[in-house]
Each structure stands twice: as C-alpha cells, then as structure tokens.
Amino acid sequence: MTLDAAWARRWMTQAAAALADAKDDLTELDRQIGDADHGVNLDRGFRAVVAKLEATPAPDDETVGAVLKLVATTLMSTVGGASGPLYGTAFLRAARVTDRAHLDPPAVIALLEAALEGITARGHATVGEKTMVDAWQPAADAAAAADEGTTREVLAAAARAADAGATATIPLVATKGRASYLGERSAGHEDPGARSTAILLATAVAAVEEP
Amino acid sequence: MTLDAAWARRWMTQAAAALADAKDDLTELDRQIGDADHGVNLDRGFRAVVAKLEATPAPDDETVGAVLKLVATTLMSTVGGASGPLYGTAFLRAARVTDRAHLDPPAVIALLEAALEGITARGHATVGEKTMVDAWQPAADAAAAADEGTTREVLAAAARAADAGATATIPLVATKGRASYLGERSAGHEDPGARSTAILLATAVAAVEEP
Amino acid sequence: MKKLLDNPDQAVDDSLTGFAAAHAGLVEVHGLHGAGPVYVTRAGGAVAGKVGLVSGGGSGHEPLHAGFVGDGMLDAAVPGAVFTSPTPDQITPAIQAADAGRGVLAIVKNYTGDVLNFETAVELAEAEDVQVATVVVNDDVAVEDSTWTAGRRGVAGTVMVEKIAGAAAARGDDLAAVAAVAQKVIANVRTMGVALAACTVPHVGKPSFDLADDEIEIGIGIHGEPGRHRVPMAPAAQITELLLEPVVADLGVGAGDTVLLFVNGMGGTPLSELYVVYGRAHALLAQRGVTVARSLVGNYVTSLEMQGASITVLRLDDELEQLWDAPVRTAALHW
Amino acid sequence: MKKLLDNPDQAVDDSLTGFAAAHAGLVEVHGLHGAGPVYVTRAGGAVAGKVGLVSGGGSGHEPLHAGFVGDGMLDAAVPGAVFTSPTPDQITPAIQAADAGRGVLAIVKNYTGDVLNFETAVELAEAEDVQVATVVVNDDVAVEDSTWTAGRRGVAGTVMVEKIAGAAAARGDDLAAVAAVAQKVIANVRTMGVALAACTVPHVGKPSFDLADDEIEIGIGIHGEPGRHRVPMAPAAQITELLLEPVVADLGVGAGDTVLLFVNGMGGTPLSELYVVYGRAHALLAQRGVTVARSLVGNYVTSLEMQGASITVLRLDDELEQLWDAPVRTAALHW
C-alpha cells in the first residue's frame, strides 16, 4: 500500500481538526513556558491550509509533493512566530523529496528526514533542547528503523516515537526558543511544539486508509 | 462656665485624634459616593493643625478666635478638595466672631452660626442636598434653641443634632458636591462631610472641662 | 494593590521629583521635599509679553496638568494630592509665577473642590495685583441634569482648552481674548467616559468602586468616582456608540461639521484598544457626514491605572483648527 | 478579561484601522480587512535618496513599531498577530515598499520567530533585487547565559535603535553606515524589566502567567512570558535598583559616562509611577557619577495592559546624542 496525494489531503484535514481540538491545550502549554500562542498559531495556520486545499482542486496527476508545498507556503504565510517558519520549512523540504504520485515506505522515511532537516537547518536546535526537534528526531529515527514495514507501520512508528519524545521534554531545561528565557523554570512542562508534532504525526497515520 | 483658648486647643487635639480614628470609615463613605479621600484629607489637615498649634505657643491673652484662625488657615492650605475650603471658611468666619478670651453660651451659638454661614457662602448648598450643611444647619439650630443652657449644653445639643443630621443624609439624593454625579445612586449612603462634622462637634463637647 | 511607589504619602512628591529630573530643560518643580507649596512652572519662568496660563487639580491624572507646561500651552500647573484639589497656598504662587504683566488665565475643571480652592487663590493673587480671569471646563455629558448637581465635570476636554488657549496666548492675544478663546473651546467640546475596571488610590489600597467581571461603568469621571449607570460588558463597537451618541447629541454636530476626535485612555488601557475605539468612532462620525479633521489618541487625562477610555469631540472652526495646529513643546504634547 | 475590542481575531485589524484613520497624513496601512498581507508604510511611500528602515514583530507592543513610522524613524512596520512574529509574505512587501534604491535596513528584535521570519523575508526581497542589511536588537540583560538560550531578547532598547538609525538614514548615510550606527546603539543599550501583574492575550482570555498578590516577576520579556525569577513585592526604590543594577553592570557605565535613561511602561502602569522609577534611577546614576543627558519616560514598548516597567540605559557619545536629538515626526515620537 502506497500513499498518494489524497492521503496527504486527508492528513491535512485531520491534522486541522486535531489541532483545533488541541488548540487550548497547546496554548496552555505555551502559556506555562512561552507566550501562550502556539495553539492559536497552528489553528490559524491549519485552518488556512484546509481552506487553501479546498480552493485548489486536485489534478488527476497530483503529487504528494504538490500538496505538501501548498501546505508549506500556507503555513509560512499564516502561522508566524517560531513555529511558522519551522513547520513551513519542514513541509517545504518534505515536498522536495516527495514529488511523485505514490510514496512507498522508503519515501515516507525520506519525507520525515527531510522535514527534520528543514527544522534543524532553520532553528539550529539539537535533541535535548526542549523543542519540536525532540519529537521529530525520534520520529525520523523510528521510521528509519521500521523500514521493513508498510507505509502505515512506518508512520505509526514515527508517531509513537514523536509522542514519547514530546512526553520526554517535560523534565528538560529549554535552551532554544522562547522557553529558554525561563532557564531552570522551564523544567516540568511539556514543550508545546513537540506536542503539536506528535499530534500532526498521529493524524498522518489516521489518514492512511485501511487496505 | 465659659470656654477659652485652651478649650479650643483641646478641641483641635481631640478632633485630630477622633478624625484619625475615623479616617478609614470616612474614606470608605467617600469611596461609596465620592472619590475615596475624605478621611485622608481631614486626617492630613488636622494633623497639620495640631502640629501648627504645638509650634505656636499660646500667649497668656490668647483668644479663641486666634486659635480658630490658625486652624482655618492651616486647613485651607493642607486639606484641599471641597472640604478644605469649606471647613477653612467655617473656622475663618467662626474666628471673626470669637475674638475674645472667653465664650459664653450666646458666643458659642454665634460661633456655630458663623461657621454655617461660611460653608453656605462658599458652597451654596442648602439643607437636603446631602452635604455637610445637613449636619451644620441642625447643629446651629439646636444650639440656638438651647440658649438657656451652659456652654457645654449648647455644644452638646449641637453635636447631637449634627449626628442626627448626618444619619439623616443616608436616604437623600445628593445635588451638591461630587456625590451629585451619582444621581439616584447616591441614596442609601451617608454623606462623609456630614459625618465628619458630627465627629468634629462631638469633640468640641468632649474638650469642655467638667466644672 | 501593587504600585511602583515607596510610600503613598510621598508618591506625588516622588513622581514630581522624577518629572523634574526627566524634563529639566522644560519645567521647574517648586516646593519638593517639603520645601514649600508645590507647583510646576516653565523652566524659564513667565514669558515676557504673554498672558500666563495656569491650571491644576488633583494628582493621578498624569500627564495632566504638569505634562502640558511649556511653549504653546501652560505656564504653570498645580498638582494636589491624588484626586484632591490643590490648596490656595499652592495655586496663588503659581498664578504669580505665570504673570508677566499681561495677566493670567486660570483654567479650572468643574469640581467643587477645584472651584473653591481656585476662587480663594485668585482672590489672593488679585490682592497681589495680578489680573486674573478664570474659565471653568465642564465637558462631561455624563452629568445629565446639571441644574440638580454640582454641574458638569471637567474631564478630557481640558486638554483642548489648555492647548488652544495656550496657542492664543502664544500668538499675543490679551487676557480677555485668551479667555474668550478658552470659552469658545468649552462651548464646543464634550466628553463621555467608560470604566472597565476601577483604579486604586494609593493610600486607600482598594479599588474606588466595585465592578463585576461582566459589568462596565458608563459616565465615569476621572477621580475614580462611580459613574452614572452600569451596563453589561459589551463589544467595543457598542461601547463606542454608548459614549459617542450623547456627545454628538449634546454638541449637536452633524453633516457638514468639522471636528477634532480625541480618544483618551484612563491609564490602564493599551493604546491598541484606544485605536479600536477611535476607528469605530471615526467611522460613526463619517456616517453622519461629520468630517474628522484632527485627532488625538492616547493617555492624556487619566485616573491612575483605571481601565477605560473617554471620547471627546471638539467642533472646529478655522481659528480653533489653526490654534490646535500651532507649535507646542511640553513633556506630553509636542509638535 | 475585559477589553475594548469586538472580536479577538479582528482586534489587530480593527486597531490598525483606527490607527490609519487617526494618522492619515502620516501613515498608510496596507492589507486591511483581508485585502492582503498587512504592513504599514509612510503615507508618501519611500523617500527618494534615503536608505529605508523596516521593523516589525508581534502586535501588542503598541506604539512599537507602527507608531514609529514617519520622518526621521521607520519607513515601514510589520505587525504580526498579538505576540506572534509577522510572516514573510508581510515583511517582504514592506521591505520592498521601503526601498528607494539605496537599500533597506531591517531591525529585528531577537526572538526565534522574528529572526526566522525576517530571514526568509529578506531572502525573498533580495531575490527581488532589494539590498537588505539586518541588525538584531538584543538589549535584555535578564537573559543571563545567552549561550544557553536563544540569546538575549530585543526589548525597549529597540526604540533607541529605530530612532537613531532613522536619523542616520535621514541625514543621508548609506546602508552600511546606517547599519553601523544601529549596531553601535545595540552595542551600547541594555534593558531590564519587571511585571507587577501579567497581561491577558485576547484569544487566550486568561493572564499569561500567575503572580501572587505579594510577588513580582523580575526579568520579564515583552510577550507576557514569565520572567527569570520572582521576588516579593518591594518599594519602588528597591525595584529600581534590582532593574538598574544589572543594566549598569552589563553595560559597564560609570563615572564620567553620559547616558540616555529610558523608563518604559508595560501598558498598565500609570505615568506617575514611571516618573517615580525615573527619579530613583536618575538619582542612582548621578550617585555613580553618570550624567543623564537625555531621557524618555512613557509607554513605548508595551505588553498589552501588563502592569510593570523596564529601565533602559543607552551610553551616549556626541554622534548618538545628535542623532537622538534630530527631528522625528511619527505618531508616537515627535520633536
């Protein structure tokens, strides 16, 4: 079973719904150690993504990359803050390596790795700095380790790892992003960007149609 | 028994103490229907009066009027607000009619009437407008009616009437002073200036030494 | 109550000390640290050949009045205790200091305390041979039956009176003419205010009035006194209408009129919200065919940290417009 | 939460609508009511022969940045959502609009979001053949171990950078020279802030952090983010020392130095309290033999209605002093 542009579109619809549900929770996480806007930022961005996709009819030969590129530019121009360019770049890089109609497991792994690279290229964060990288890095690693599985299994491994990675940010002291200003006081709170990453990847799995 | 300058000085000391005690209550009354400063204003003023009197040694031939004039100018220059010029003028006018060493009952009545006239001359309020006039007017009237009594009895009658007059302001709708801006909403609260008048006159009685 | 101050009794003195230090070239503050009666004058003293302008009132309305001392506006300002009129012994020397021989205009906000204290002070100044004219600002339309009250209060419109009379004095008008211009402004300016949350007077320590989370107070003054009535919290568009409506009605402005629109913050409201109100008010006036030719938005006549705003409309003619545009160089207004 | 607004989603748009109406001769606001990317430019567009200046950042800091657009300061400002960096599609056209052929200086406050969005926007503008230099303001000494964080934040000192770089551009400096002046200001300006009470972001509806009645938060930023540590509420004199001490130490100013002292309000603190702090800070600097040659007191870089203040010290030399004094004509700074 391969993933196509329709999957990418379903992914975005489900991501928007899940992020809308999580809006207040994400904002509350950001209120604890940031500036109380992460949920609001992503909700604004992903609502715009859905609107944009709905306004852009899918050509028959639509590639996954074409969808992801639309997502990237929309996030870039509607989210703002730190997460806007980071998620924007993630989708932009992912789009570059998915310029085809169907993604097989290696392509899904490439997608996740490209996204991670985009985020670190822009934000210069490494694992352990209490950022979304703490969800993306284990996700990409877990995907690579699951390369024997189906596309769904690869994505599911990534989503589980992202979820664990997000949880693991709780005790960390932030050294990147806005939470870093809090120093020691940032410990004890989950990083909002890592949590939103976990939500995003969970919807990527949910959007895979059962065979 | 007549009243002399020493009585006037005792009066002011006791008034300052009583107004200091009542400071928060008077301010709270003013918070309800004014600008929450009446107690603070009078406390500032009467503390200054006491300081001024202490700094001004009494000559042997000191008149009551000389004391009251010092009180008047001190209140005028330290109280501010509406009550400063009103009480200031009251004491100034009272000083004019008490320029002698000893006050007999008719002189005490004249003192109260002059004070009342000073207040109405400046403030143009009449009885029923929910101001200090509602305490001063009955006080002056009761004093005049008690003209057969001792100086202490005259003052006591005035003080009782002022107290009743202050209480009687509760249901009134203010038409003068800051409380008038509240319209109907000023009803149900005692007028702070009427209450401070009652306190002032009560201490005038207390300052009379038993024969 | 959390405030940036050391001791409520010293707060006005401490604030004026900072004001004097920050604007040393512009103003001089007299009587600090108990040295005598407190008042503020221009750094250079009275300006030869010019009518002097003095205003004053309780503190807590900053930048009013001291922030308006300088070229093209006031020559002296007299700050009382917080929300308490200053006393004659402060006002009289301020009037004398503002006099350069052509007389002084006293600009008084209509509160019993201010009126009474200025009255006495003016008498004393006149006894010292200073020629004084007095105008009483009473722009607050929240006070409806002014015959049954102490009369309308003077609120935010005071800025317009001080600026425009200041410009008339600066161009060389004599005392009668400056007073006439001030009266013309008073006749043409109206204001109405709202509080979303009350302020706390430092030595009182609790809010001047109690307001529920879903209530606002309409028709407030600037002394933390409660307003005329309470209504449920409403969107800015509706609040703007509630304030603008009576102002426009009372002033009788309509199609063809030209006005200055002033949205004033009470101290605790962010500028961004004042602009929201300004935008709504501007649009409502435009709908009625009123031309908004000049504008002012900001915290100019405050009530400590009160959350709220007032809307002021001044009907303009060519003279008032020119005098408004005339240069001004004070701590708080500058062009 | 009581705010003068209609709908949190529209608040920035509504506020800019009012801003545009109030300052029509001075600024133009692009993209209102969903017409396109939102940014603010001078009414007349780019000034021929002059290097352009652009700044931007999240909204909620008014009058920063839009209030500083005009002669002698910025050519364009880019407001994001409340406390959220604007996006490249807003910033790029603002940069293009500010370009009169001599290039554009982008003044960025050091926040990950601002830096990233400006980075992208600058790339896009350069692709359209605009020459762009970027400076990053990072004056906040509250961020101690800046190697272990995203680096020092840009806060109130941004006003000094924008004013002085604006004056350099106005006198005709080329892009490299304007950027060098901006860097000189950045090298010589430091700030530290305190919150007495947090602010409430409109679409969040509750305070950005929780602070007990007897606590204050030291070392806050301007985005409602919590500060570095909490201390018990203290008198103004003590708070002033807590803020000024690290600023002076980090900047290394001492006897013989000349500085500009800026006491900035966070939005909900009355001017009178800012002057109390100013007075204390001025006296402390004087005690150390530091000459305070220029001053600024007021709400210039705010955090919505946050109660609090920051103290900024800029070390001056003749050039910076002259550029600070140079004429400026914007909605919020004018001389």
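Note that the chains take the letters A, B, C and D in the order they are written out, and that residue 1 is the start of every chain.
One rule holds in what follows: contacts are C-beta pairs under 8 Å (C-beta built on N, C-alpha and C of every residue); 3 or more make two chains touch, one makes a residue touch a chain.
Everything numeric in this text was worked out from a predicted model, so none of it was measured.
Ranked by the number of C-beta pairs in contact, the top chain pair here is C-D.
Subunit A and subunit C have CA centres that are 55 Å apart.
Per-chain Cα centroids separate subunit A from subunit B by 76 Å. The mean-CA centres of subunit B and subunit C are about 32 angstrom from one another, to the nearest whole unit.
In subunit C, there is no position where the chain touches two or more neighbouring chains simultaneously.
If you check each pair of chains against the touch rule, the ones that pass are A-D, B-C, C-D. For subunit C in complex with subunit D, the touching residues are 2-7, 11-12, 14-23, 59-60, 62-63, 67, 196-197, 213, 216, 233, 235-237, 239, 263, 267-280, 282-283, 292, 295, 297, 299, 302, 304-305, 307, 309, 334-335.
Considering their complex, residues 27, 31, 33-37, 40-41, 44, 76-86, 122-123, 174-178, 180-183, 185 of subunit A touch subunit D.
Every residue of subunit D that touches subunit A in the complex is listed here, in rising order: 37, 58, 80-90, 111-113, 116-117, 119-120, 142-145, 148-150, 153, 201, 203-204, 206, 208-209, 221, 223-229.
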